[in-house]
Every structure is written in C-alpha cells, then in structure tokens.
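Common to both upcoming complexes is subunit A, partnered first by subunit B, then by subunit C.
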Partner chain A sequence: MDEKFDAIVVGAGPSGNSAAYLLAKAGLKVLQIERGEYPGSKNVQGAILYSDALERVIPDFREDAPLERHIVEQQMWVLDDESYVGNTYRSAEFNKEPYNRYTIIRAQFDKWFSKKVQDAGALLICETTVSDLLMDGNRVIGIQVDREGGAVYADIVILADGVNSLLAKKAGFHPELDPKDVALAVKEIHFLPQETVQERFNIGEDEGVVIEMVGKITQGMMGTGFLYTNKESITIGVGCMLSDFKKQKTTPYALLEQMKTHPAIKPIIAGGEMKEYTAHLIPEGGYKAIPKICGDGWLMVGDAAMFVNAVHREGSNLAMTSGRLAAETVIALKEAGKEMTAANLALYREKLDDSFLMKDLKKYKNMPEILHSNPQFFTTYPELVNRAAHSMLTVDGVDKKSKEREIRGNFVGKRSLFGLMGDAFKLWRAFE
Partner chain B sequence: MHIVVCIKQVPDSAQIRVHPVTNTIMRQGVPAIVNPYDLYSLEEALRIKDQYGGRVTVLSMGPPQAETALRKAISFGADDAILVTDRAFAGSDTLATSYALASAIRQIEKDIPVDMVFAGKQTIDGDTAQVGPGIAKRLDMLLLTYVSKIRDIDLENKTITVERRAEGGVQVLKTKLPCLVTVLEGTNEMRFATMTNMFRAARHPLKVWDKEKAGIEDVTKIGLKGSPTIVSKVFAPTPKSVRAEIIDTESNQPKDLAVTLLAKLFTKKPDLAKDIAKNAS
Partner chain C sequence: MKVEDKLFQNRYKVDAGHPHISIKNPDICQNDCKSVACTVCCPAGCYMEEGNGKVVLITDGCLECGTCRIICSEHRNVDWEYPRGGYGILFKFG
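The block that comes next holds the complex of A and B.
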C-alpha cells in the first residue's frame, strides 16, 4: 500500500528539523527522511547557536536544549606567522538572560532537536537515502528511497538535504556546485577539564568565548579560522574555498595542523585530547549562487539553497529561518485550501525576501568575488598590520613619527597607493 | 514456529576510548548499536520464518533508550518487540540477566508457545558468552552454541539439525525443539530493511515490561543484589612496544638473506651458538 503524507522533509539538520517540527505541530502528516544512522550523525557545524532563529521555532528551547556556554566575549584576530593583532569585545550585557548566542555540540543538539520533531508528531525514518523525486510532469509528487517498496507520496517535498544536495542536482533544480562557491572547513574538538577551559579564557562556569581568525593561517587562501569554548572542550577549525585548496594543492588537514602550531594558538589547546575530527562543505557562494528554491510540489531550505552568510559566519540560523518560513508557507496554503503549485509557493520567496536572510545575503552579494580576486586581504594586510603593531610597540629609540613613516612606506611598498585606495573602496562597496 | 530473539544494545566498541588518566571507559558521544553478534542470530531467525513461516519476537533488557535497538530489529522484519526495563535491573551481571530474560520468555510463552530462542554468541561489551546458556539452563531448553548453519527443521517431529563449530571440526547435531541457539559470526549477512518494515518499525507500539510484567518472582536474583560478579579493576593493557628492525642485505637471494639473518641472530644472542652445541651433544 502506498504511503501518502501532507509533507515529506528530506534531511534532519537545522532547516529540515525546523520545517518538520512546525508542520507536525500544525497537525500536518509529516514524514522526515534522514540518510544518517541518527539525526546529527552526518551534521557538522562550528558550532554557534543563534538564539533568535531557534526561538521563533521553539520559544522555550532553553529549558532542555543541550547548550554548552553562552558567549560573553568575541575576539577577532588578524594573524601573521608569529603574531596576531586582535580586538576583543566583552560585555556584562551578554551575561543577562535571555542569552543571544551559545556554543553547542551538534551531535547532542541535533538529537534533542529531532526528539522535539518526533514528539510533535512527525514520523522519522533514518538510514534511508532518497534516490529520486517522483514526478508527474513538472510536479513533484513524492520520493523514491533506496529500499524495496520505497515510493512515498506527499503534497509537498521539502529539500533540506544539505550543501551537496544530490537530489536537487539529479532533479535538475540545482547545477553542480562550483568549487569557488563552496568552502571546505575542518574542525577538531579538544577535550580539556572544565576548570582549565575557564582559567585559560578567564570565564565563569557557563560563559564562553569566540575567536574568529583571519590572516596567514589560511596560507593566502580565502578563508577564516575559528576557536570556540565548550563546557569541557575547545573547538578549533579552519575553512577555505574549495577552489583555493585545489589551486594551492594544500589539504585542509595540513592547514589545521599548521594553525595549531601558531604561537598564539598552541598554548590555548595545549594538553587537550582530540575527541572529534570532522570536515564539511559550506555553501559560501552568497546571493548570486542561490538556485531556484521552489517549484510545483517542492521547496528548498537551508544549505541546499545556499543560505549561508559567509561574511558573518552565519548558517544554522539561516537554515532554521528558511525551514520555518517554508513550513509557514505550506501551512498557510493548506489552511487556505490551495494547491502546492509553483505560483502559490512563491509566497515562500516573498517571506524570505522580507526577512533578514535575503536582505543580508543581498547586502554582501559582491563579497565573494571581491575576496576571490584580491588575495591580499588574507596575506599582505595581515602581515603589514602585524608589522605595524610590532614596530609601534617596540621601544628602541626611534621616534614615533619615523615609525609611522616606515609603516606607511611598508603599506605603499607592498600594495601601492592606488591598490590601497582600490581595496578600501571595494570593501566599502561590499559592506555598504 | 515462534522464535524469540534476545538482543542487547551496546556501545559501538569500535568508537570507545579509554581515558588516558583514569582508565575508565569514555562513553560520552559513543553511539549505541545492536550487538553485532545478535544480528547474525536475528537474521537466522528471520530466515527460518521466511522458510517455515511463523513469528519472530525480539526481547531486550536494558535502559529505555534500548528501544532504538528493538525498533531496528523490527525494521529488519521481526514481528513484535518487548523491552524489559526497570531500575531494579540496574547492575545485573550475566547470572541476573539470564534470570530476568528467562522470566520474560516464560511470560511470552503464556501468549504463544516458544519453539526456539536465539541469542548472540556473546556481546561486544561484556564478551562473556554466558547469557544465552544461562537462559537455556533456566528454561530447561536444549542448548546449541556456536551454530554455523541450520541445516533443517522438521516441523512435524519438532526437531532441528544444525552444524556447530567445535574445536578441530564441525559437528552435525540434531535435537528436539524447543531449544536455544547461539549463532556464530559470519553465518549470514543481515538483510536490507524494506521501506514497509521501516514504516512499521517507526510506528510499532513496543511492549515495555517492568519487573512485575516480566514475571520476576525473586527480586533478590536481579540487579546488583542478584549479581555475584565483582569488577575489581578496569584497565587498558599497555601496548607491547617491540620495534621491528629493517636489515639491509646484499641481494635478495634466499641464501644471502638466510646468512644475513643468522649473522644478526648470533650477534644479538651471543650464547646461542653455545646453547645449540649443548643441545646437539
């Protein structure tokens, strides 16, 4: 007997879970299919949880979600080989509830999220891969899974199958990913006693620190590094564009190993025992790389739809937001007794355009190209800034004015006055 | 033919690590799986069901999360699942566990008579191989361990013929039903679940039995109280650090290789020549 659902959600990551949860809660008959052994087994993220996006799906998530530390301090490091210039923002405001950002361990968090989805009434089936979309002309009418008797039907199929959405590619909704639109990130979790973590970062029991890094750690490639504090561990990772790895013939693993030996980073993770090593693709093509996101009988959410704000390191919140807006769209159409046609589903696109998600992605739409064609942002500038700081902070009998002149000379020498002005203009345009 | 298959949820030992300082097992984040040996038994039971008809009931004792293991068994084709779970069972060793499972099987029998019980050869976390035989003894069933093949089941005369791996060879044994069978690894390969069974597994109303429902008569025989086994120490054995040595030779001729090796051996053990001479005389 054929199974028929109101909605099928493919994937149990943040976007799929948000969609499935809200749909099930609204009383729809929902099936969620996950390829991994259990939800979270294949999911990778830094991982910072942005409260706002989750709050709009599960308002009281703080009551039982497995949260590591709330962020009280953000650091930004610009690294040279031996040194870094950094800025820090720490505020007592961040210690007031409700907290805005948390570090999380995705394996635990996803398990919790999935439990909520199932409790809401969605049927979850794991270890099952959706191999094809079932079509009636141009309309998606269901899915075909890699198991005997694997045809399942639904009014709407929500593709939440992640960055490398094989399904969307197969169905022709999505072109093959361009290596310049995808970053490859690797990270490790280093186990350290809770007290050690707190001592090293000068933080209290539930307080956490985020360090974002840019500079020579990426060896000239377009990318960033990061370091987060968890309850009893430290997450450290680095990501660069896939096209750069290809060009540079470097492996992500080697890059992370090199990064861990940096004199500023080494002591922070010293003595830790590595607990987890994961790698993941991140769609960083931005606004211009967004594919078609809905059609007759289908919607696309999260990484599958390229919803990542690379500039601000935001992804899971965009995933949850798009999952929520997809669910709201489907619920609204159901309630109005409307069909899941491309024309009706355009409401999803409208909702996205009205939200921070599309507005932010639009704002930085030129960023990927600028950074791609201007590697100096990742090499020359970090080096110059560090040299300038070093020069100014070394007391050696040279007057400050001469030092300033030397620093200015360094900048112009490395990057010509015209280049400097051009770079400044480009950045201004990109952030405008 | 009604077959009860006993399964256990275990931590995936391939992913377990021992804490370098405290020597305790680090369970954090280690995924739980169905004991791999139990899957050979389950598949064998399902094959019997496919061939001779009947019913497969899976039974597990463990914490509430062992539900996942039972649902997995249903996805492969088991008809029913029972989880025996109660705080009173905590700390059970193999003696207490086999007592509890045997009680539960007696309760199952009240509904439908049991013709066979299957159990894994052993678990990958305890490695004792005692629970299966323990159940057989308590239920007064004939016991066939290390079965590598089920040759035939005679439904009319209620007999079973199996091949059993024994030291130095294979025994062909025929016995009366009911009996308890533990299956050797590699006997079969677990089937790939159909979508119909995946749906059934996700929706199946599991039976959850506490100690009363499981028919436990003597509470001193379960849990810590009923477990005479004491774990006095857990430690990770220090790995042997014998280093291999790479020896250069003039050529790859067997004769040269032998000469080089012998020369090395005699230099390393100066007394060797003397010993050989002594033994020869």
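The block that comes next holds the complex of A and C.
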C-alpha cells in the first residue's frame, strides 16, 4: 500500500466521517482508516444527534439516516436520594419539521454515515489500527498501520481518533490527558416494547424525551446522569470526572446500579431487557484544556481536540462541525495550491474561532474550575432544593411563612449567607 | 447486577494471547502505589487486587475507554495500546 493520498483520515466517527465526506466530495483522494470491524463498532455516545451540524455536511440526511426519535421534551432533574425537583420544556414547535434533535444508536448511525463517505469516493479500510504517524522532521507525512507493509502517505493526516488520541501522544504533540479534564461515563441500553416507551413518557410514535440529571446520583462527584428514549429502548447512564472517581472509591458500575434503583428512575426502566453495557471517556476540560490542534501536515478534529461543551451536553455536533471546517480548510489550501504547513493550516483555527464551537467553549471557559472546586453544586444544593420542595408541598398544619423561615434557615445553615452569595456569584461568572 | 453480568451482554472478539494493555512493572502496583485506583475506576473491572496487594489485569472484558491509562498518573505504569484492528469490543449499539 505504498500509495500517496491527498488526505488520510484516522477514525470513522462523526468528526472523521464529516471531514472524509466533504474532502471526497470535493474530489480529493481520501483514505480513511477505522480500527473497528465496521464504523461504529468502537464508538459510544448517549446519543443525541444535533441536526444543524449534520445538515451542513449532508443537507438531506433525514431521507435515509437511521434516526430513533425526534426530541419534543427536555427535562432537567435535580435529585436527592428519594426525590427530584425537575423542570420540563415540551413544545409543539419541536414537533414541526425539520426536527432539531434526534436520539440515535451510534452503531447504526455511524454505519450509515460511513456509507455516504464511501459513496462520495473515499476509500475506507476497517479492522486496521494506525500504530504511528510517519514523520519527516516535524512534518507528518503519513501513517503506519498494523498490517504488513503498512506505510501510507498523504499531504495531510486528519486525526479523528477520539478522546484518547494515542497518535498525538506518541508523536509528542500532546501530553497525557489529565484526570480532571475527562469524564468517565457508563451506560446501558434497555429494550422495551415501543408502546411501553411511548406510554411511560406520554409521547407519540417517533417523539422522544431527554432527561438530564444532577445531584445525589453522582454521590458527591462532579457529574451528571442521563436518560434518553429510543424507538424501542431506553438509554440510561451516568458520568463523572475521572479525578473524582479516583478520590471517591466508587466503581462506575456500582454508581450506575445505584442510580437505577432511585425511586423516580426505577419504574421508567422496569421490565426492560439490558442488551449492552458501554463505557466512554468524554473530554470535558473545556476551552482551557484544548491542546494543539494542527501542525505541519496534520489537523485534529472532534473529541481528540477536546471539542465538547459539557455544560450543554454537546459533543457530536462539535465533532461534525470541526470535521467540516477541517475539510473546508484543506480544500481551500489545495485549491490555492498551498502546502499543508502549520502556518497555512492556521486557517482552521480561524474558522473554528468564527464558529459557535469556540465561541461556546470560550463562554464557559471558567466552568470546569468552578465546578471542581465547589462540590456543593452536586451535593448540598440538590439536597436543600429537594427538602424545600418537600416542605412546601407537604400540608401539615404549619403555616407557609414558618416553612419559608425554616427553608431559609437550612440554606444559611448549610452554606452561610456569604457562602450563598459567593455561590450565586460563581454561577453567574461561570454562565456570564 | 454485577459487572460480569453487564459485560456478558457485550460482544467481543478476543485476541487470545495478545492483551492490548499490560502493567509495565507489577512491583510498582504492589509496593509503591497506594491508591490502586485502576481496581476501582475501570468500568469493566479488569483490574483486581489480590490479598497480597498484587494487581492482576485481565483485559478480556475491556471496553477500550482509556480510564486506566489516564488515572495511573503518578506511576504511569500502564502500557496501553488499542487492540489489533478488528479485535476487542464490538459495540452492537454503542
């Protein structure tokens, strides 16, 4: 395989597929390498698909993409051990086409996306792991794969190799990830009859619900839980920062088991048949943790580049957007007859800075630090809010003013007046 | 539900005789590492601490997440590669 390509894309997830698709469509000679048996067989996501990002790559994706349910309702739960306080947003607007978000099953979706990439003309090779980048000095000139004689060359190598990105570490582009910058999420998929899913969530055919959770389910760790409705299954999971898992001595699977017994969650998944258990790292370090994303002969997209907006649970859209912008950059340089040098590839960074991707990450740049150093947002507050709701909603002959006084007392008792003001200020700063 | 029962639902193509992760120096886990965080954090329970403090790694149930590599930050004692192409976990749903 001593061949030369215009571009090599490592990985066939959302970022790699977006890049490979657009490059191939523009007529470039593209090789894509995937280590799984088929695209998707190594990939894990919640999973919510954000239409806008995909539309900008494949405008008519709705015609044949394997989509589970479009989201009509979003819930946010703040949980105590026995209860939760929640808010719900449900809108008929979300029931009008074109739909904005869908649940998907990644193994199916990635396969579909990959077919589009191949139809566009890219050469995909599966069951092949890229072991190293081939360098000429500081310049990446190709890849080495784990097959005999596996050196392949290209003008540009796009690293879409996911959160671990071993290639960038081996090549010395990145240091090892810091446990405080990555979350570990575990999840299960539970199958139920389609009608049961619809009855439990009060939704029609094709309509879906998202529930995001914060509170005692993470047992004091910085993290969140989630529950998504698929066509005939429910995905349930929980994720916390690795640095917290390390401190807490709680196993991820025990955490998930505990979460499944919560009185508000248990009945939703009751009777379901669990068919797969998955785990995945999510790069949640945010803006300040973004590593070097391009250099001579290489570009980096998606999770590998830490493009995840943890606050809004967005990642796959950032992956597809960065894949698209990487492809646009390479195509522009190619058309202008320019070389794939670090200086020329800086155009990629400019495009990212101009997009929602960097703007959003920049907006929440202080969030990880604030949450790391203020665990009360995951423990004390959920407890206080739930107790307050319980008090106000229990009719027991105590007057409301006294109840209010007691609630206020609880808040001040737990956090002090300055603590409360400080927390409010921190949150305001984080969301500013 | 125990972690073994969870993993039982998954599909794997085990590369017999070629584990993709190994402990570089077992003595470090046994004598120098206080936390043995790998035995707690691995979502597939691949790392087990034996009575004598020895850490045993069996990669067959590995979900290829990368946790063990990253949490071993003091000693960097985990040699971590992806499985050979086509081997390892095969997600049906992902």
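By definition in this document, the second predicted complex is superposed on the first by the 431 of 432 C-alpha atoms of A that agree within 3 Å, B and C clash if a C-alpha of one lies under 4 Å from a C-alpha of the other, contacts with A are read in each partner's own complex, and residues count from 1 in each chain.
Operating definition for what follows: contacts are C-beta pairs under 8 Å (C-beta built on N, C-alpha and C of every residue); 3 or more make two chains touch, one makes a residue touch a chain.
Because the structure is a prediction, the values reported are computed rather than measured.
**Q** If subunit A is used to align the two complexes, do subunit B and subunit C fit next to each other or clash?
**A** Result for subunit B and subunit C: fit.
**Q** Looking at A:Thr278, would you say it contacts subunit B, subunit C, both, or neither? Reply first, second, both or neither.
**A** Only subunit C is touched by A:Thr278; subunit B is not.
**Q** In the overlaid three-chain picture, which partner chain does A:Val308 touch, first (subunit B) or second (subunit C), both, or neither?
**A** neither
**Q** Should A:Thr250 be classified as contacting the first partner (subunit B), the second (subunit C), both, or neither?
**A** A:Thr250 contacts subunit C only, not subunit B.
**Q** Rounding to a multiple of 10°, what is the angle at subunit A's Cα centre between the Cα centres of subunit B and subunit C in the superposition?
**A** The C-alpha centres give an angle of about 50 degrees at subunit A.
**Q** Could you let me know whether more residues of subunit A are touched by subunit B or by subunit C?
**A** It is C that touches the greater number of subunit A residues.
**Q** Please work out whether A:Val152 is in contact with subunit B alone, subunit C alone, both, or neither, and reply first, second, both or neither.
**A** First partner only, subunit B.
**Q** Looking at A:Leu123 after the superposition, I want to know if it touches subunit B, subunit C, both of them or none. Which is it: first, second, both, neither?
**A** first
**Q** Taking the superposition on A as described, I'd like to know which of subunit B and subunit C A:Ala107 touches: first, second, both or neither.
**A** both
**Q** Give one of first, second, both or neither to describe whether A:Glu3 is in contact with subunit B, with subunit C, with both, or with none.
**A** The first partner, subunit B, only.
**Q** A:Lys42 contacts which: subunit B (first), subunit C (second), both, neither?
**A** Only subunit C; A:Lys42 stays clear of subunit B.
**Q** Could you state the shortest Cα distance, in Å, between subunit B and subunit C after the structures are superposed?
**A** 5
**Q** For subunit A, give the residues common to its interface with subunit B and its interface with subunit C.
**A** 37, 41, 105, 107-108, 128, 145, 147, 275-276
**Q** Can you name the residues of subunit A that touch subunit C in the complex?
**A** Going through subunit A, the ones touching subunit C are 35-37, 40-45, 47, 105-108, 110, 126-129, 131, 145-147, 163-164, 166, 176-179, 182, 184, 186, 188-189, 233, 242, 245-246, 249-253, 257, 274-281.
**Q** Touching subunit A in the complex: which residues of subunit C?
**A** These residues of subunit C touch subunit A: 1, 3, 6-7, 9-10, 13, 35, 37, 40-41, 43-45, 63-67, 69-71, 73, 76, 80-86, 88-94.
**Q** Taking the complex as given, what residues does subunit A use to touch subunit B?
**A** 3, 37-38, 41, 105, 107-108, 123-125, 128, 145, 147-150, 152, 273, 275-276
**Q** So in the complex, the part of subunit B that touches subunit A is made up of which residues?
**A** Its residues touching subunit A are 20, 29, 31, 68, 192-196, 198-199, 202-203.
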